[in-house]
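Two complexes, one shared chain (chain A), two partners (chain B, chain C).
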Partner chain A sequence: MSAGVAPVADAVQDPAERIREAARRLVEAGDCAPRPARDPVNEPMINNWTEALGDANPAYPGIAPPAMVQVWTMGGLHGQRADDDPLGAMTRVLDEAGYTSVVATDCAQTYARALRPGERLAVRARLTDVAGPKRTALGEGWFVTTVSTWTVDGEPVAEMMFRILKFRPPPPPPPPRQVPRPQVNRDTAYFWEGTAVGELRIQKCGECGALRHPPGPMCPRCGATRPGYVVASGRGEVYSFVVHHHPPLPGREVPFVVALVELEEGVRVLGELRGADPGAVRIGAPVEVDFDRIDDELVLPAWRPR
Partner chain B sequence: MSALSGAASVVGIGATEFSKDSGRSELQLAAEAVRAALDDAGLRPSDVDGLVTFSMDANAEIAVARELGVPRLRFFGQIGYGGGAACATVGHAAMAVATGVADVVVCYRAFNERSGHRFGRVAAGATAAPTSGGIDNGWQYPVGLSTPAATVAMFAQRYLHEFGATSEDFGRVAVAMRRHAATNPRAWFHGRPITLAEHQASRWIVEPLHLLDCCQESDGAVAVVVTSTARARDLPHPPAVITAAAQGSGADQFTMTSYYRDDLTGLPELGLVARQLWAQAGIGPADVQVGMLYDHFTPFVLVQLEELGFCGRGEARHFLADGGIELDGALPVNPHGGQLGEAYIHGMNGLAEGVRQIRGSAVNQVADVRNVVVTAGTGVPTSGLVLAVG
Partner chain C sequence: MAAAVTRAPGAPPAVGTELPALRLDVTATFVVATALATRDFQDVHHDRVAAVARGSKDIFLNILTTTGLVQRCVTDWAGPAAVVRAVSIRLGVPCYAGDELVLGGRVAAVEAAHAGGPEGVEVLVEVVGRCGLGDHVTGTVKVVLP
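And then the complex of A and B:
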C-alpha cells in the first residue's frame, strides 16, 4: 500500500468492498502533491513533435501545441510514479485483487491557454471515480477515472480526464487436446472431411457397391479403383470394447472406453464410447455416432449410447 | 514333407542376461548374444555368412557383422511385423541354407525394451509415417486404442463373449508361466510364482486384461545359429532339426487390429502357419511334446492352442483347466516361463528354449521330447517352426 493512503482494514473481506473502500479513501485524499516537469517548455521538443506529426502551423514553436501538455511532465525513460500518485495506488489495489490487465478507454483534455517556451509546468492528479465490477468483452473489470491538472506557478493551464479499465484477464483457454493425429492421404481424406462436417462416411466401391472400412484405393471384391462413399446412418451396436486404464494417454482421462462398433450398414468402425459408465458397457449395446472435435482440423469418430 | 523340411538345423543358441536395465547399448547386447550363440555352436565369426533380424531391431546386420568381425555376408534380411518375425528369422535362414545361398546364418534380436523404448507405452509417431502402416494406425491411435495391451484386449473381450470364458481362464496361463519361471534361474520371475487370486487382484491395464495378463518389459538379446543339418552332425550339440518353417498372413490382415473380419475369436494367420507346419513336418499336434507359444498377452495363448489344433475352437479354457499346459500336461507350454515369466525378447527366448528342449538341456526339461512347435507374435502377420530331434 502506498504512503499517503491508509490500508484498508483486513476485516473487509469482500473483494469488491475492499476495492470500493480503497477507492473511497483515495478519492477523499484528493489531489496528490504537484510533480514538477523535468524541463521547461522548449523549442527543440516542439520542433520534434510538429515535425513528427507533420504539423506546419506557423504558430509553432512560438507556442507549444496544446496536445503536448502531457509531454512536458512525462517521467522519462526511467521515471517512476510518485508514491502518492492515486492512479498508481488504485492500480496496485486492483492488481492485488486479480484485475491485472489494463486498457485505456477515455481521455479528454481541456486547455486554458497556450504554453510558451520557458514556462515550467507541474502536474497533480486525483482519483475521481472507480466503478465496477463490470462485465466487459475483455473480462470483468473496474473503470478507474482520474483527473490531472497542469499548472504554471499555481495557475491551472490544462486538465485531463483519463479513464482506464482494469480487468481480470479471462483464464487461458484449456491447452488443445494432444492426440495422435491420423495420417490423411488420397485414400482416406473423404473420411476425415466427413467427420469434420458431422458425417460418418463409409467407402463404397463405385463399381460393385461394396462397403468397406477401413478404406483403400482398390476394391478387394471387384478390383475397381473408383471408390466413393456413403454417409452411414451412424447407428450400430458394440461388437467389442475395451476399458483403458493404463498407461495414461495424451488427450484422454482414464478410464475410458474404446468400442469397435458394427454399423447397421455392416462395417465396423473404432471410436471412443463417451457418456457411458465403463462398468456397464456390454457387447451388443446400441450406440450412435458422436463426433469428438479435437480442434479446427481434426474431428474423431466416437460413439454415445442410444 | 517339403524340400525345406530337415535341411537345416539350429546348432547354437546364445543370450545375454535378461534384466530391466542392461546398462549397455543394444548393439552390444546383439553382439554378445551372437558371439555366445557362435561359441555354443562351436563356430567362429568367420564362419558366418548370413544374418537375419527383425525390422524392428535397432541393430543393422552390418553393424553386428562389424562388431563380430564377420568378414563377408552373402545373405541378410529383416523380417517385419514385430514379434511375428521371431520364427521367420529362422525360417528365412533355413531357406537360405537349404538352397545353398548361405552356410551359417545367425538370427538375432536385441533391445533395451524396458530401460529404453518401452513397447507398453504409446508409440510416439505411430501415425506419422507416410506409409500404409502409418495410415492403418490412423484408425486406431487417435481414438485412444494405442497400446499393444489395448489392441489385444479388443480381441479378448469378444473371445470371452463368444465362448463364455472368463478372466480366470486367461489367468491360468499367467499362473502356469510364473510357475515354470519360478524354477528357471534365468527367468526374471525366478522364485516368484503367483496364484490365480493374485492374477485376479492385479490392477486393470486395459479391461479385460489385468496387469498379470501382460508380459514383462525386458532388456536383453537372444541369437540362434542355423546351418545345414549335414554340417550340424559335426558340431558339439545335437541339432534341433527344422522340420517345418512357415509364415502366415490372413485375409484383411492388419497389425494388431484385424478387427474387420467376420470373426474376431481366431487367429487365421496362425491357423495358416499351423497347417503349413503340420504338412511340412508330416506330423500333427499329437506328435508334439512341448509347445513354445508366444505369450505377450494371455488371451492369445488360448487362441493359439485352438488354431494349432491342440483343442477345439473355444475349448482352450477346458484344456487349461485340465492342466493341459503344465509341465506334466497334455502339451507343456513354455517350460522356461515364457515372456510372462522369463523375459520378453520378442519370442526369441522361447525359440532358444525350444532348442534346449530338443537337446534335453532345459532346466524344466520335458521327458522324451521329439518335436517342439514354436510360434511367434500373435495378432500380427506371424510365423512358426517345428523343431525335431535329429
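And then the complex of A and C:
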C-alpha cells in the first residue's frame, strides 16, 4: 500500500468492491515520492541503446533519444518497487484477488523537451484508473492505468500513460484422456461415425435384412456382402456383465462395470455401464445408451440405468 | 542494418505520405541486446528456458524497445532535425526471437506547430509494426519538422 493509504477494511467482502475501494484510495493518494535515476543522462548508455536498436540518428548522443526516457529510471537488475509505488500496490491487490497474470496494453509518452547528457532525472507515478472486471481474450481482468512524470530539478520533462491488463489466467484444459482406442476400418467406420453424432448404429444385411453386431463384411445368415445399418432405439437390458477391479486401465477408475446389453432390436452390444453401483447391477436391469466423449475424434458407446 | 532513408528537406509532407518500411531481423541477440540496453532485466527477454516455462514460445521484444523502434521508424524518415513530441503505442501480439518485424508509417495529419514549442510543422504519423503472428504494435508518433 502507498504510504498513508490504509488497507481496505475486511468488512468489504465483494472482491470487485474491494478492488474498486483499493483503487479509489490509491488514486486519491496521488503521486508517489520522486525516485531518482541511478545515473545522469549519459553518452555511454545512449550509445548502447542506439547500437542495440540500430538507430543511426546523428542527433544522438548529443541529445538522448526521447523514447529512452523510461530507461533512465528503470529499477535495474536487482530493482524492487518502492513501497509507495501505486502500480506495485494495485498489483498486490489484484494478485490477491486471483488476477495474477499481466500484459501491457498501452504506452503513451509525451516529451516536453530533449534531454542532454549530464541531466539528472527523477520519476514519480500515480494511479489514474482501474477498470473492470472485463472479459478479454486472455481471461477476465482489470485495466490498470498509471501516469508517470519525469522531472529535472522539479521541471517536468516527460510524461507517460501506461496501461496494463491484470487478468485471471483461464484454467488449463484438462489433460486428454488416454483410453484404448478402437481400430476403425471400412467395416466399422459407420459405427464410430454414429457414436460421434449420438447414434447407436447396428449393422443390417442389405440382402436378407438380418441385424448383426459386432460389424463384419459378410452376413453370417445369408453370406451377402452388402452391409447397411439401422439406428437402434438405444434401449435394452443387461444380458451379462463383469465388474472390473484389476488391473488398472488407462482412462478408467476401478471398479467399473462392463455390460453386454441385449437391445430391443435383438442384438447384443458391449459398453461400460456408468452411473450404477457395481455391487447392485443385476441381469435384466433396464439400461439405455449413453455416449462417452473421449476427445474430438472418439466417442465410445456406454450404458446408463433407465 | 539498412541505411536510413531520410526525406528530402523542404516542403512539409502531404497527408497520406507513406514512410519507407523498416525491416528488422529479430534475432535472439537483438532481443537480448535491446532488453539490456533498455535496462529491462525481466527473464522473458533474455532467458529462453524461463520464457518457455512462463508459457511463451521464446524470448520476446520488450516494450521499451518497441517504443524505441516505433520512434526510429519515423525519425529515420524525418531526419535528425525533427523533434519528437510524443510516441503512443498499443501492443498486440508478441514478437519472438527468430521473427521478422516490419514497421511502416503513414502521415495522418500535418498542422502548424504549437506556439511555445519548436518551430515548424507538427506531423502525426501512424505506425504499424507487423511480425509473423500479426500486428505487434500500432501507434502514433508526433514530430515537429523544421
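The rule is short, and it goes like this: the second predicted complex is superposed on the first by the 176 of 306 C-alpha atoms of A that agree within 3 Å, B and C clash if a C-alpha of one lies under 4 Å from a C-alpha of the other, contacts with A are read in each partner's own complex, and residues count from 1 in each chain.
To be clear about the criterion, contacts are C-beta pairs under 8 Å (C-beta built on N, C-alpha and C of every residue); 3 or more make two chains touch, one makes a residue touch a chain.
Note that the structure is predicted; figures quoted are calculated from it, not measured.
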Touched partner set for A:Cys222, first chain B, second chain C, both or neither: neither
Which superposed partner A:Pro66 touches (first chain B, second chain C, both, neither): second
First (chain B), second (chain C), both or neither touched by A:Gly76: second
Chain A: partner with more touched residues, chain B or chain C: B
Touched partner set for A:Asp55, first chain B, second chain C, both or neither: second
Contacts of A:Val231 with chain B and chain C, given as first, second, both or neither: neither
Partner chain in contact with A:Val197 - chain B first, chain C second, else both or neither: neither
Chain A to chain B touching residues, read off their complex: 179-185, 187-188, 213-214, 220, 239-247, 249-250, 252, 255-256, 258, 260, 267-272, 278, 283, 292, 294, 298, 300-302
Residues of chain B touching chain A in the complex: 120-122, 126-130, 134-147, 150, 153-155, 157-158, 161, 203-208, 252, 257, 259-260, 264
Sites on chain A touched by chain C in the complex: 45, 48-49, 51-59, 65-68, 70-71, 74, 76-77, 79, 103-111, 114
Of chain C, residues touching chain A in the complex: 1, 3-4, 24, 30, 33-34, 36-41, 63-65, 67-72, 75-76, 80-81, 83-91
